[in-house]
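This is the structure I want to talk about, given as structure tokens.
Labels run A, B, C and D following the written order; every chain starts at residue 1.
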Amino acid sequence: MSVDFCGLELSHPIINASGTFDLLAADTAFGASLRAEFPFAAFVSKTITLAPRAGNPPPRLWESPAGLVNSIGLPNKGLAGYLAHDLPALSSLLAEVDAPLITNVMGATAAEIARLLEVCQAQMQIAAVELNVSCPNVKTGLDIGADPKQLEAVVREVRSRLAKPLIVKLTPNTADVATCAAAAEAGGADAVSLINTLRAMALAPAGHSESPWLGGGTGGLSGPAIRPVALAQVAAVASRVSIPVVGMGGVQSARHAQDLLDVGATLVAVGTQSFRDPLAGRRVALGLAAAGPKSPVSLRASL
Amino acid sequence: MSVDFCGLELSHPIINASGTFDLLAADTAFGASLRAEFPFAAFVSKTITLAPRAGNPPPRLWESPAGLVNSIGLPNKGLAGYLAHDLPALSSLLAEVDAPLITNVMGATAAEIARLLEVCQAQMQIAAVELNVSCPNVKTGLDIGADPKQLEAVVREVRSRLAKPLIVKLTPNTADVATCAAAAEAGGADAVSLINTLRAMALAPAGHSESPWLGGGTGGLSGPAIRPVALAQVAAVASRVSIPVVGMGGVQSARHAQDLLDVGATLVAVGTQSFRDPLAGRRVALGLAAAGPKSPVSLRASL
Amino acid sequence: MRPQAPIARRALTVVGMQELGAYRVLRLADPDGPAPAPGQFSMLAAVQRWGGGEDERPHVPRAFSIARWQEGEDGMEAHYLLEDVGPGTQRLCELRAGEEVWVLGPLGQGFTPPDEGRRALLVGGGVGIAPLAILQDLLLQHSGTPATSTGAEGRRDLAAPTGVALLGFRDGAHAEGAALLQNVRIATDDGAVGHHGLVTDLLARELDEDPEAVVYACGPAPMLEAVRAMCAEREVPARLALESGMACGFGACFGCVVPTKDGYLRVCVEGPVIDAARLAHVDAHAGAPA
Amino acid sequence: MRPQAPIARRALTVVGMQELGAYRVLRLADPDGPAPAPGQFSMLAAVQRWGGGEDERPHVPRAFSIARWQEGEDGMEAHYLLEDVGPGTQRLCELRAGEEVWVLGPLGQGFTPPDEGRRALLVGGGVGIAPLAILQDLLLQHSGTPATSTGAEGRRDLAAPTGVALLGFRDGAHAEGAALLQNVRIATDDGAVGHHGLVTDLLARELDEDPEAVVYACGPAPMLEAVRAMCAEREVPARLALESGMACGFGACFGCVVPTKDGYLRVCVEGPVIDAARLAHVDAHAGAPA
């Protein structure tokens, strides 16, 4: 089951989706059992920004049919805080379980992103960087990652700052995700990951006043509800690019992971399902291993 | 509860989503009870194209978490077949229940759409036309409706052929649905409707060979799973345009319809839920009526 | 005219749930429902917790042949034969007396009776035997002759005027489902009961002896295709009850189509029973769970 | 160090489900689970059919205070007090003995005991009384003095060394939940039982008489806010067990935050019990179902 991903040797193809597992909090909650049954082959951090962010006011969660709408708002200590407070603890824990650290970053401009990458390049505990391009462009309000031209330009501009693998986490809120993936590839991405959450909203339930429910106004939909959308987007992307693809969106079981691998993903990330079962990642990995290696009848070519 | 929609006087704000209710088949299945408890205030036909279409090979359906992925492929008798075979029966049935007929049409080019509108204009039984712009552009492969400029140009070009209300049914598979809605409005649309299904996919379940499950390869996701996405898109559109909005996507109850009305929809369409309960539209309408008229604390302005 | 369903689905009470070998028989009290024609089906969904099973399913209701329509303790009852093959059938199988099921039906086009004087040969495979039970009930009622009620296999009973049923099953546990019918001959894949082989072997023998018979068949796609081919070759009329993945059951979704000689046909409104002559072949997706 | 949960959620068997007025008490056999600290909670989800309820929910598990941890027939049992307020609690309330529940826990930061010699005043509102029960059990155990077991209101019993509980309820049916604790004084909104008014009226009286007490409170946000304000004014230490909509319970989703004087805090890892002094006010979303 071991997988080569952009030169990282992983023990299996299952990682966590950014922002859906806090290793340090899990350490507090689960202690030794977290290490004994570590769920992921590599660990992806929450999105880190240059400046600290408090995140959105509560409520931050809305449970929807077979899904979850979140409006967390990317709270984080900022790059300096992350390096000072989290990185040492993260990397010592990850060293124990032999899983590399992938740091997810987001910036509003190419300059911000370049700075984030530069700093990550200097930290040897960071094995790779995932760049979240679901950040609204300050001028247009649209996600940087939604416009292929803009995306390619940004990736090209920042690429040289990072010698480590650069994964571009695409936005699913676009007319043509395959073209965005191709743009990331053209700009120099080593891999792409998808899908991020679908733009979504909820109004307050009966008994509450009828404003948007989420403190952030709108949110993003994740979980099983979006699985068929994720499969379509991953298939479209994998059939277009030749760099590795990290597939995610509603994965709950080895079967769902296998579907993403079948359409061309190299790794699969587990997100919302970890909220229901913190060992979900491990169960998925074990399920894949139990099913045995598949003859590579990849659908990638046929799509 | 009566509503004015582009000059049509409707008894309540609930209609069917195109392609999710076949009046003539329902007449065969339900007979008199269909008329006695007619579920909708207006009836929207399946998408009609100039030439007949057989639709996609089976399987055409995949049940997903709290949703349904379909790859029906817009089977229809073609415009001439529709006029000759369906229109007389449809309009006599609708006359009995006092519901106007909205004909949904799709064309691959402005010329095709113009022809469809012209013919609809000539049929007095047709009260309004809904234009489905989720049709792939023959050259780019992307939906005509996904690109605001293209959409505005097409709507502007065809607009003059129809004196009746023209509703543009937007595609949700786009980076910025509000801008698409504004483009349709600028082109001359009298209303917009959304959301159509989200692009989605399914692989064959265990025991079947591992190609895409749906005969059409990919499909579209509908049902409760997409409701939070629909609410976000309808809210974004309603806060942008000043023409009426028909909201849909996963509506199962009066509460869900009220949410769409609260964010600015004028009408609400019920789709997939009719498959579970053919009277769903009626139950939603009755539920709204029972809750009584709301003080118009529309969120439209505040979004 | 075919019996029609009220557009309002009915919340019907479970009055019984019995094991029958590998199957279950669900009995619903349906005091006000229209009497179905044999071959018609209903869309069923548990009123509570339809969803939340494997892969967060089921979501849409499921189609089931009405297997029997008879007087119960409080008015009419419909019986359904269930095989647990996935989240929808599993949910229905776990229902207990007193719980409720949403029922939309009767739906679809049922079987038409054989021409006067011709004998009906019922051919069923697996859970596909369900619509043959109500068909046999009706045939027996019309002929006025109760069939010999033994289900012993091997005893060939050409004298039975009507309603002889050839039933194929995977194994012994499934073959217990045959108790739903009378006057049956059984074939099993593993030879546990009756003929060791295909039900179409039994059909060939019957047709050799009575080439004037009319065939009524329901079962897995390969069985239906074999029946279709055999009947086409011998010029025997055959009525096939097809199945297909359905979302609505009343012609709304266009999801349940099967290919015919003249294009796609919606199984739920133009079928489920159709004349075999309309098919070039039985689509792999058009049969009962194998 | 706080008791930690095994990362593997446990499928535990329901050994009891009793009505207690407007509430239910769910008893789960937990032979191998770690002993919780009072104030800790678990994330619960029915093993079967977690989903498919109202609005196709629940999907994520639900947080419940561990109300009691005691020896049962086959090892330790955890008790939970449930109030049916939506699809998740509804599903749990319908479970019967023998069915299974996924349990992840014990989670979060519980109550810390009062300083030596200070009296604990427990203040609960509605279903928020649950964590006070296990806290009282522990306090009584430590003090070695069983509380007077009468729950009669009005009888002021300053002699009780520890664990006196002031409980507020909507009405009589809810007030029956008070049976979960000993030595209680009750207030009801409608006056059906005990003091006609707010539980904070009772708290004011107690604090008048014993300004050295330490307050432990759990309940609806308005109650908690009143407790916070009263304790802040009187400079009485107060530990509040907060609630918040949760998806994970172990710090993964950042969904359960409440505002504090120095920023947002995740209720599931830094709480649910926090020192009232850290809050400028209790957020409207940070309390138990009202």
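Just a few scattered comments:
Everything below uses one rule, namely that contacts are C-beta pairs under 8 Å (C-beta built on N, C-alpha and C of every residue); 3 or more make two chains touch, one makes a residue touch a chain.
The model shown is predicted, which means the values in this text are computed figures rather than measured ones.
Looking at the partners of chain B and chain D together, the chains they share are A, C.
Taking each chain's centre as the mean of its C-alpha atoms, the one that lies farthest from the centre of chain C is D. Averaged C-alpha coordinates put the centre of chain C at 54 Å from the centre of chain D.
In whole angstrom, the spacing between the mean C-alpha positions of chain A and chain D is 36.
If you average the CA atoms of chain A and of chain B, the two centres end up 34 Å from each other. Multi-chain contact residues of chain B (touching two or more other chains): 64-67, 223-224.
Within chain C, the positions touching two or more other chains are listed as 51, 55-56, 59. Taken as a graph of touching chains, this assembly is fully connected, with contact between every pair of chains.
Residues 51, 55-56 of chain C touch chain A in their complex.
The touching residues of chain C, counted against chain B in their complex, run 4-9, 45, 51, 55-61, 102, 104, 107, 244-259, 263-264, 266, 269, 283, 285. Within the complex, the chain A residues that touch chain C are 66, 224, 252-253. Against chain B, the residues of chain A that register as touching in their complex are 62, 64-67, 69, 142-143, 146-147, 171, 173-176, 198-203, 206, 210-212, 217-219, 221, 223-229, 231-233, 235, 250, 255, 259, 262-263, 297, 299, 302-303. Chain C makes touch with chain D in their complex at residues 49-53, 56, 59, 91.
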